[in-house]
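Comments concern the structure below.
Per-chain residue numbering starts at 1, and chain names A, B, C, D, E and F are given in the order in which the chains are listed.
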Amino acid sequence: MGDIIDIMSANLISPIILSFVLGVAAALARSSLSVPEAIAKGLSIYLLFAIGFKGGAAVSSHGADSTLVLALIAGMVLSFLIPIVAYGLLRSMTRLPPVDAAAVAGHYGSISIVTFVSATAILTARGLQSEGYMVAVAAAMEAPAILTALWLAARSGSGGRMDSELWREVLLNGSIVLLLGAFVIGLVTGEQGLKDIESFVVNPFKGVLCLFLLDMGLVAGRGLRQARGLLGAGAVAFAILMPLVGAALTLPVALLLGLSTGGVALFMTLAASASYIAVPAAMRVALPEANPSIYLTLSLGITFPFNLSLGIPLYLAAATWAHGV
Amino acid sequence: MQTHRAKRVEIIIEAPMERRLADAIIAAGITGFTILPVLGGSGRSGRWSREGQVSSAGGMAAFVCIVRPERVDALLDAAFALLKSHIGVVSVTDCEVLRAERF
Amino acid sequence: MQTHRAKRVEIIIEAPMERRLADAIIAAGITGFTILPVLGGSGRSGRWSREGQVSSAGGMAAFVCIVRPERVDALLDAAFALLKSHIGVVSVTDCEVLRAERF
Amino acid sequence: MQTHRAKRVEIIIEAPMERRLADAIIAAGITGFTILPVLGGSGRSGRWSREGQVSSAGGMAAFVCIVRPERVDALLDAAFALLKSHIGVVSVTDCEVLRAERF
Amino acid sequence: MGDIIDIMSANLISPIILSFVLGVAAALARSSLSVPEAIAKGLSIYLLFAIGFKGGAAVSSHGADSTLVLALIAGMVLSFLIPIVAYGLLRSMTRLPPVDAAAVAGHYGSISIVTFVSATAILTARGLQSEGYMVAVAAAMEAPAILTALWLAARSGSGGRMDSELWREVLLNGSIVLLLGAFVIGLVTGEQGLKDIESFVVNPFKGVLCLFLLDMGLVAGRGLRQARGLLGAGAVAFAILMPLVGAALTLPVALLLGLSTGGVALFMTLAASASYIAVPAAMRVALPEANPSIYLTLSLGITFPFNLSLGIPLYLAAATWAHGV
Amino acid sequence: MGDIIDIMSANLISPIILSFVLGVAAALARSSLSVPEAIAKGLSIYLLFAIGFKGGAAVSSHGADSTLVLALIAGMVLSFLIPIVAYGLLRSMTRLPPVDAAAVAGHYGSISIVTFVSATAILTARGLQSEGYMVAVAAAMEAPAILTALWLAARSGSGGRMDSELWREVLLNGSIVLLLGAFVIGLVTGEQGLKDIESFVVNPFKGVLCLFLLDMGLVAGRGLRQARGLLGAGAVAFAILMPLVGAALTLPVALLLGLSTGGVALFMTLAASASYIAVPAAMRVALPEANPSIYLTLSLGITFPFNLSLGIPLYLAAATWAHGV
């Protein structure tokens, strides 16, 4: 217990989290502070490239153990199933209509790569290793939840449309391709490659993450300001409960797979995180009737900050505890 | 200078539908259009601005499509089929063009 | 396709006034408009381009606002009150829209 | 609100010609215009998008130029002289403006 | 005296100043060289974040001495008063109408954060320490001058309008919020935070400043090219005299406060510098009758390069000399 | 021979080349992955600044030897003459009309600075030095080919127009000015300057190049996808043959000049590379009848990847071999 508080407080006063807080505060105070769209996209390209590359380089130097494939499968299964749990909770905790509930559920089955990146930074700060292939697991967990969401929506009569074109868009969306591509580059070029570009992908990483989270804070804060009054207490409670549920479902799976403490914490973080890039774009095309303000506010305005501040330290503490048992 | 009557159709549509609208316009037999970026706006779903967007899921784009008068219906039909369940606005203006053989 | 008569009001205004114009339009009872970025231009105060600007103090933005004909005066009054001592240009065009209930 | 008849000329032109068109417009005695960025488009030479461009050689820009009716021919002549061997589209729309003394 | 020349020549052949010169030269030669707006804004976000953070971290490790509050108050008072001096000079040296003179005066009471950042880089290069809280003083000096400018304009009959909305915009403008926010983050996270993101905020700092000054040079050069003929000799003389006056007024104040040599030089630099971001934006809203070409050309086209090349070394030499007396 | 294969395979699995491959693959698969235009331009500003600066600093510390001027002249002569060879090949190998052949020929006489930058990165990785002034040679080779192209077009009846305005645009285009300006800054500030901004211009260089090549790959891949069917086998063969011809013509010249092995390889690379920034822009203005898809696809879609993957290692092997003879 002292351990959790220790991890949490170390986390809460890190430049990373405080940059996010600064962004939220600036947005709520209606400051003109803003990060140009192109810069935000540039920062995220850097982060995806760096995290993917380092994951690949780690696998290349430690070797891929046999759990890689099992972890990928487990990740996809969780991404398929978590939306069902989320949908059930939403329908009982809120008055959201089925189509909105289905859309929201899809977001929670999928993942947020920035939450994942932040978790790796927290692990690194505490000197914890993790399996490099977790970035591949992250990629694998992005899409399945969308299918489940559309199936849930179709069941309730509002026909979600998933054509081959949308499939391609989802599976080949820029983030996944960059993350996996950089993973493969790291895998192929290995230690030599890492030495080549270490002072680019390793040293400034945390600083770049600060600026990116500053922007995320600005976006989340603006979203919260606009969505004031749109969300009931039930929905807000869901956005805090659901990551805990997702993480709890994943803990035993991750332990069964035999992941390291860091790996368990990352897997829990993935399950706990909610998408705000790939899934919203897919939902606008496939389920245009669902209100985007609802799912964006829940995932970006509530669940993302919750995971960043309290969630990740909690999952890490749980992983440490479970490994000690 | 010799000009010819044409119609200027301007469509504001949410960004995730941008490529689909372009495909639909071309499928309707119209090859000429231009896409302009949009910074922000306001509508029945509230105000938004490009800088408040974490992804292209939230942005919009503006299509400008100049067509001969007799093609405007094909274009509107194509646009409307896509737009009906989506966020977006369509306006049609009379205009004159140079080099009519292009449209 | 059934269309309806409307007015397309386009306003080019200096960037520091952008939010004030948006507020004024909404205060005039009009909720729909779109803001486009502007790269540069020329006017009585000379030529300028976005890349020559160190701050948003110098840039401009373009508003597009489609309204029912009977609302155009309210919009122009609101815009003019703001614009009169500021740099800016307003044009009004006749257009046709789909889904008139939106405007 | 008192408005005056004017013409709204919109020209889409390839980026390397942007400064030349601006110079030509000014040389034709017209000082007011605005340049908007273009994201992409489609035409007889195929589809393109800003993100597929490695240089400004491939992009386009949109000019908006509001002029008094009697000046529109001078503007079109100037634009056409430049455009004839280049990629580009010109449209002219009737509009109304506030503050006619500016145009 | 040899000292001044020494500092000046070392300054004039630094990559920082030469990058600015390159920008000016490229603009005057009408080269197509340009830095995209988003990149320029991204660079300035980096610089503000880094300078604020490092200031906060410095205060955290050296402790805030009691002069902090006094320095803040002194900065605000100077920002209020300098425009009055500037207005007097302008009305006697130039034929600018009152409203333009008032607007220009406001710019010189406020500050240019890039000038400040360049001064810290010059100090660092010479191994000089300075008080970390000078970034807070910089923030405090931004707004008061605007009030004085509006009061000067109102006195002369051209009513400046300052509503609550504009107040909010000025006090919460993006630069101030980012600078102060990063300062607080540095203060809270202290040495550990600095270690975390040192290779982001410290190492590449000077290089980033070079690219940013390249862009500033391009903008200043374009401005000069367009404003050719707009400004009389009196206005140009003002733009060189005024920073010296501002710095001279500040020197005794800074000495009285007991600042270090570096701190005195920075304080003089702040007083000498003229705003070209926050104040122009405020003037467009509150004093639209004032001609923006005049104040932008003076502050960005003349005073900024003057401070960068000759002013800062001069203020540093004066601070060194005054400390030796 | 074993040497060539060795260099090539080391090159082919470097993060640099794999990033390019990732970009091409993503574009061909129609992924939504894209780098914002402003970011791509920002990356290229960084690369030009860094490569120019380092070249200047190298000249400053090793001294400029007398071959500098000869190398500049040789570069300009090659740039003038190579288009004539290219035009001859194009007219015999393809059915391109004269105006298109002339335009394409101009591209191959000029240079691609990114190809040059990639070659320097490959040299550095192998511990090879080269003459710092090669960046000035690169700048000198950019423009002459345009003149030859217009002369070729005029000969065939399609009047290319080259007015003084276009001259200024070509000679003062942003890339040349930045490259040469940074070269001069490096030259003037020398070792001290390099120490000042080393952790900006040296350390992250390769990583930035990776992201830039990722974008180049995206652009090249999209171009290839759209140009499918536009180009005959003859044109494709030309785009692979011509760089070899250009490099072969340059080898004896570079040896005669007495350049180092690295210098010879860089000179060959410059001759082998084809422009896709400065020349296309000039051709759109001066030869609008020429089809831009043809020259962009050949230079960016075929010759650039060829040089990056196979060409540069080949030129380096040839330079090594020739120096050993």
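Quick note on the criterion: a residue touches a chain if its C-beta (ideal position, glycine included) is under 8 Å from a C-beta of that chain, and two chains touch if they have at least 3 such contacts.
All values reported here derive from a predicted model rather than from experimental measurement.
Identification of common neighbours of chain A and chain C yields B, E. Note on connectivity: the fewest steps through touching chains from chain C to chain F is 2.
For the interfaces D-F and B-D, the C-beta contact count is higher for B-D. Counting the residue numbers that touch the partner chain, chain A and chain F have less than half of them in common.
One finds 41 Å separating the Cα centroids of chain A and chain E. For this pair, chain A with chain B, the centres built from the Cα atoms lie 34 Å apart. Inter-chain spacing, taken between the CA centroids of chain B and chain C, is 18 Å.
In chain B, the residues that reach two or more other chains under the touch definition are 36-37, 47, 93-94.
Shared interface positions of chain F, i.e. residues touching 2 or more other chains, are given as 34-39, 42, 199, 203-204. Listed by chain label, the pairs that touch are A-B, A-E, A-F, B-C, B-D, C-D, C-E, D-F, E-F. Considering their complex, residues 1, 3, 6, 8, 22, 25-26, 31-37, 61, 64, 66, 93-99, 102 of chain D touch chain C.
Those residues of chain E whose C-beta lies close enough to touch chain C in the complex are 34-37, 40, 165, 216, 218-219, 222-223, 226, 276-277, 280-281, 283-285, 288-289, 292-293, 296, 300. Chain E meets chain F in the complex at residues 13-15, 18-19, 22, 25-26, 29-39, 42, 125, 199, 203-204, 206-208, 210-211, 214. Residues of chain A touching chain F in their complex: 36-39, 41-42, 45-46, 49, 53, 168-169, 172-174, 177-178, 181-182, 184-185, 188-189, 193, 196-197, 199-201, 203-204. In the complex of the two chains, the chain B residues touching chain C come out as 10, 12, 36-44, 47, 49, 60, 62, 73, 76-77, 80, 83, 89-94.
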